[in-house]
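As written, the chains take the letters A, B, C, D, E, F and G, and residue 1 is the first residue of each chain.
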Amino acid sequence: MGEENKGSSIAPELDAYTEFLKSESCRPLIGDAGEYGEGPLLRIKLTDIILKLCQANSLWPMTFGIACCAIEMMGTGMARFDISRYGSEVFRPSPRQSDLMIVAGTVNKKLAPVLLTLYEQMPSPKWVIAMGNCAISGGPFKVEDNYNVIEGVDKLIPVDVYVPGCPPRPEGLIEGILKVQEKITGTRHPLPQNRHPKSPLRKVKGLRVK
Amino acid sequence: MKQYFSELFTGGMSLVEGLGVTMKALFMPIVTVQYPREEIDISPSFRGHIDLILDPEKNSYRCITCGMCEKNCPSNCITVKGEKLEGQKKKSLVLFDLDFTKCSLCGTCVEICPVNALEYSKEYNLAAFSREAFHYDILKRLEERIK
Amino acid sequence: METISTLPPELIRMVISAIIVITFLFLNAIMMGYAERKIAGHVQRRPGPMEVGSHGILQMIIDGIKLVAKELIIPFNVDRTLFRVAPLLSFTPVILPFLVIPFSEKLQARDLNMGLIFIVTMGSVNVMACLVGGWGSNNKYSMFGAMRAVAQAISYEVPILLSILAVILMCNTFSLKGIVGAQQKIWFVFLQPVAFLIYVVAGLAETNRAPFDLPEAESELTAGFHTEYSGMGFSLFFLGEYTNMFIVASVATVLFLGGWHGPHLPYGEYLGVVWFLLKVYFLLFLMIMVRWTYPRVRFDQLLNFSWKYLVPFSLANLLITAVVVKL
Amino acid sequence: MISHHLSTYLIIGVFLLIAGIYGLIQHKSFIGMLVSTELILNGAGVNFMAFNRFLAPDPAVGQVITLFIMGIAAAEAAIVVSFILAVFRKYHSIDPDEVDELHG
Amino acid sequence: MDNIIKNFKGFLIDQGFDAVETDYEQRGYHLEVVLTVTQVREFAKKAYELGFYLVFVAGFQVLADPETPSPHSGLAVVYQYARHDRQYRIKACALVPDSLEIPSISDIYQGADWHERETRDFYGIVFSGHHNLKPLLMADMDVDVHPLLKEEAKLKSLDAVSWPSEAPESTE
Amino acid sequence: MTFYQSIAEGLFLAFIILVVLGSLITIRAKMLMKTVLGLAVALLGVAGIYFYLGSMFLTLMQILVYVGAICIVMIFGIMVGYTPTEVAEKSIKDWRNKFLAVLSAVTAFLLILVCVLKTHWVPVAAGNRDFSAVHLGHEFLYTYCLAFELISVILLIAIVGAIILARGGAGKTAVDIPVEEKIAGVREEKGETTA
Amino acid sequence: MLESEYQEQNRFFLNMGPQHPSTHGVLLIVLEMNGEYVLDPQPVLGFIHRMHEKMGESRPCPGFMPNTGRMDYVCALPYNHGYVSLIERKAGIEVPERAEYIRVITSELNRIASHLLWLGAYLLDLGAFTPILYGFDDREHILDILESVTGSRLTYSYYRFGGVCQDIDEKFVERTRAFIKRLRKRYGIYEKLVTKNIIFIKRTENIGIVSPDMALRYGMTGPNLRGSGISYDIRKNEPYSVYPEFDFEVPVGRQGDCLDRYMVRVREIEQCLRIIEQALDRLPEGPIRSKVPKNIKLSPGDCNFAVEAARGELSYYLIGDGTSTPYRLKVRVPSYSNLSCLPELGRGILLPDLVSILGSFDLVIPEIDR
């Protein structure tokens, strides 16, 4: 569709309309076409912003734990760190309903096709976090006589955010999710935030909170 | 028949008890540390990636470029290069490169160092858009700190 | 303007009430979803949604918009008609009961003299959605979910009907308004505690809520009958589930908890809705608490429980009620 | 105003009947045949109700009979389904042509 | 039963096995048995009857030496058995002949099933009589990849990787 | 025709379409599941027609009994008896059968249609026009008491018969076989396939 | 239609995993099913095979230390413990007593963490969401304590040949004692929420019965074996480190069903607490690390060392060749043998029961695949 419209001018009115849309006066309303690349013919900037805000704040991860990092991924969802504050505690077991794939662990030759299938089953827009050194580059398993481990998931699927560590602390994963939000919307904290958290942990011995 | 009713009764009671536990928990304070807004003090022995220790006397690094860390690293993530500059007795460090994405945080490098030139950084919340971001030039980091 | 003025007032009323009902339905789903996540959070000693809006109050709205904007996937080899129809099918029969639910004495769209049968009927159609969705998805897990939904529906329809019948025997009417009116003095929950318990348990099963959430058992069947649904389809199923919960809770309120009755309020015939909603949401709160407390029962245990405990008890209850009423 | 004519309902009834007959002959499985039977029964129900509405003195008669039909249909469905199960277990088929032991 | 365990070495030697008692503190097992290919199943049966459980089956590779009295392909299989009721561990070792075939014990100890498949993955040792010798840890397409086989230069002879033949106590 | 009436007529037509469509799906579908779902659609349409014939009670009962119970029972039967992969009926190769079906159906339809249209129906003078459930219940328990009791007996017999048939009808089933026996069976089969 | 033909036709295959919530990672189980009945579950391993054994053979022995923690990341310290003890046995290195005590304390803490995690995950398999959060809540306390000495939360490389790398201090002891007190208080919650719950009991009782003979044939160890009534715990039967000095019991089950395996683990938590208490009481002063040659030579010959990990017997088998690199390093992991009985155990059961059995085995997939 898009290709056809570009070349031939079927209707002069339409051309005029698109010209109008591209003109400076529409800039505040309608975003720069080049900034989005492929996609629908018409985008209205305001809707786009709202949509992106929504997508950024409701990243549902898929339950796809592979190795050590999976435990920290679980830990991130648990009471101490609680990923649900960002609306991401809805770990969906089905790739069809998830937006975010957290590759938490080593990917080897046998797992690679599975990973690809799962990624393809996710509906777009979708994002990928490579969590842990193994997922980023093969980590400690990137050795000379490596016969099985894939050295980085970004060789298989596009990765948006990398979270290093072996395994990273849950804070690292939360930081990664914030980075994904940043990637989607351009700002680190895209929506009105909660202001004054009061943690009872302040009183727990041995755990000081800054 | 007796079992039929007793099972119903004990089963029902156990369910009520379980509900009691969660009800109680509903009104207990939360234990969450809301991360970006409040942070736990990371324990002093936390192992992040390695950093060069800033020697306060020399206002520089202690490293003697012996390469022990490079040799003993099980994941081969350290590259140390030293050069003998003119007018100096010892080699001086020109490159201390760490590929953090390969590191397994075992701590061998810190322990093996004959002059205690390395320490763990306390950076626990790293994340970036590319994997090259974790290719640290530790020497540069140190120089930035000196400044 | 002219066309509107020539329209009969009844039609305008219908359209307005339809709009109100659908708005309420969305609001209810949003609120329930938020409450569910918040309560789950606090049960588990964490705050739950927090960062989107004050205390995460906008979270569900944002989730909804996101789901709508998701890519619609129709997987390979599915039965396209059935696959598309299923979410609608789960959604439609749960709207219709709003026609007869008496929110307060004057707030009722229509007082059918067979209101209760109407609701029960709609409830029995509801299972078709799980069935069609699971069948049409071309996925074995979905298929299992559909099978379980059918068997579950068959066995839980019976105790629900029997426990309702016990109440009907006491007040001699199918009209929901009439039933509530009969509880002016004493709520039926005190006269029919067994029927109430049976209704609530069977209602949990009817709405596929934990511990009876077998058709969508997460750890066994990934996501059950809606495994293959993404975006819109999934959110419609979600909406259907929460609305169905609301219906079941409000029927329980009407039948057992005295509907809009409560301490006197000014404009009681309208503001009774406050009491009504309070009771409904209390029941829903219980349902949520139950979900976050218990493990899931096994499939055959569920059927066993229904046939071994619920049906005999409800039958006995019905018999005793009949005898007492006749005396 | 087709909803006020007796013939409309009768034609619907007839349609259901012949659809049932067609299905009964055409379907190759017990379930398919059972389903067709249900169609025929419903045709009868519509007929009863239509005559009741337009011709009979007491409106309850048609309803009563239709309700009886429903009851019979429910019983029939339960029996036939369990029968199908039993046959299926024995012959591992629901093709009526394969269940032909009684042919001798 | 108890008596047999008490003098298990003697019992085994009576049965025709080559058993040597070892120093537990040093090696972590009490008895070392060297099996021939034919004895593998026999020994497993005896062990099962006497209530031992199979700890693991593993392979290793040494320099092939067809000249020795017992010619072998350079591959060997180690079985370890232990008991639930007392502290007693047996290491049994069998050299794999040139045909790379060694009888499977997976019908005596079902637990050996996966261990044997894994050993086949890593070394290519064929366990004859195994009902399902498909790749276990490796991908299905990697049937002929045996990652734990060493390069020629890194191989050592069997003697270089075993304890000195004298009993360790006597040397000290 | 007033506005209301035209809406009512439109809905009536919609119900008729439901009936026709549902019946066609029912008799034409290859997948058994679709057959039953088609039946559900047709019966929903019939329920609507009952509404136009003046009986709300019957409408609801039609949905409750047919759609909510009978169709579900049939689907249950399909699901228990079949595996997911083979619920499609075998395609019909028998042209004679099909021809017969079409012929008999069309003939019967035409014949009855002629009867219906040619007959002059004479309504009896109406007595009461009470369509309420109260009246219905009254009729049930007084006028048609015997039939009512008979129906309940039939239902009871049906339930008992169904249970007997489904449980012990024909020897052992995959579900009823004790676990040990099943394992033995599996092993035997394994042996056969590998040997 | 023939009987066998019908049997063939009535069967179908279901792939459970590698991404399935109840396989705890990337295990694939190919189920041959008849309706909801499982006829033949066949696990397919190798989705996270990370060539640990190859790595053990290709680098000097200290370089394998990080790998040990990554095999069973839930309970990494016993893995460390086994490996350092193996090398110490092989190279004849003495370990100071204080170091052994520290090892025992930290290992047992880690074991509790593992059991708590398992408890939550098992209940999650059975469909209860909340216990896992309570379990993690307690577990986080352990992780905090362990992090303060080991420096990481999960994949520790804390032990060194001849000792440990960092000494524990008064604060550690204090926090550990506080934790013991806290966990004892929390028993009531778990009991009310889980152990007594009728649904839980119905889901686990008489399901997946492992007979002692079956356990023997498959070489099952750990709580899964003890659930069958065999009292076999390497800490008792083949004592290593300083375990003989402590007074603790080995809980055993009655008949080997899922409930027994659950009870064994829950009661084991109490025993771990007892060991930790005793060790804290008797904690000797002294060095934490003995002098070790920089380049450890592994003399020719083989050597074995078995420890009790959270899931059962962990056995390292090493063949030395005179260099510092192991010639062959075999790791016998407990879950491997435990899982291998699934094809036999899972025949003719319902799918939910299979989930229940899988959960009760406490699987860690990377440990199985290595």
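FYI, a residue touches a chain if its C-beta (ideal position, glycine included) is under 8 Å from a C-beta of that chain, and two chains touch if they have at least 3 such contacts.
Since this is a predicted model, take the numbers as computed values, not measurements.
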State the chain with the largest centre-to-centre distance from chain C, centres being mean CA positions.
E
In terms of C-beta pairs in contact, which of A-B and D-F ranks higher?
D-F
Report the chain whose mean Cα position is at the greatest distance from that of chain G.
D
Distance from chain C to chain A - Cα centre to Cα centre, in angstrom:
34
What is the distance, in whole Å, between the centres of chain F and chain G, each centre taken as the mean of its C-alpha atoms?
56
Chain A to chain G: how many Å between their CA centres?
33
So what's the Cα centroid distance for chain B and chain E, whole Å?
42
Per-residue multi-chain contacts in chain G, two or more chains
9-10, 12, 20-21, 46, 49, 51, 54, 59, 66, 70, 130, 133-134, 137, 144, 155, 193, 197, 199
Shared-contact residues (touching 2 or more other chains) in chain F:
57, 61, 69, 73, 76, 80, 84
Touching two or more other chains - residues of chain B:
15, 18, 21-22, 25, 29-32, 34, 74-75, 104-105
Residues of chain C defined as touching chain B within the complex
39, 41-47, 50, 289-290, 292-294, 309
Per the contact definition, I'd like the list of chain E residues that touch chain G in the complex.
25-29, 48, 51, 53-56, 58, 60-61, 78, 80, 82, 84-87, 89, 91, 109-111, 113-115, 122, 135-139, 147-148, 150, 156, 160-164
Going by the contact rule set out above, which residues of chain G touch chain B in the complex?
59, 62-66, 70, 130, 134, 137, 144, 147-152, 155, 157, 160, 165-166, 189, 192-193, 196-199
The residues of chain A that touch chain B in their complex are 79-82, 85, 130, 133, 136-140, 142-143, 152, 154, 160-166, 168-172, 174-176, 178-179, 183, 194, 197, 199-201, 207-210
Under the definition above, what is the set of chain C residues touching chain G in their complex?
40, 43-46, 140-141, 144, 147, 210-211, 213, 217-220, 222, 291-301
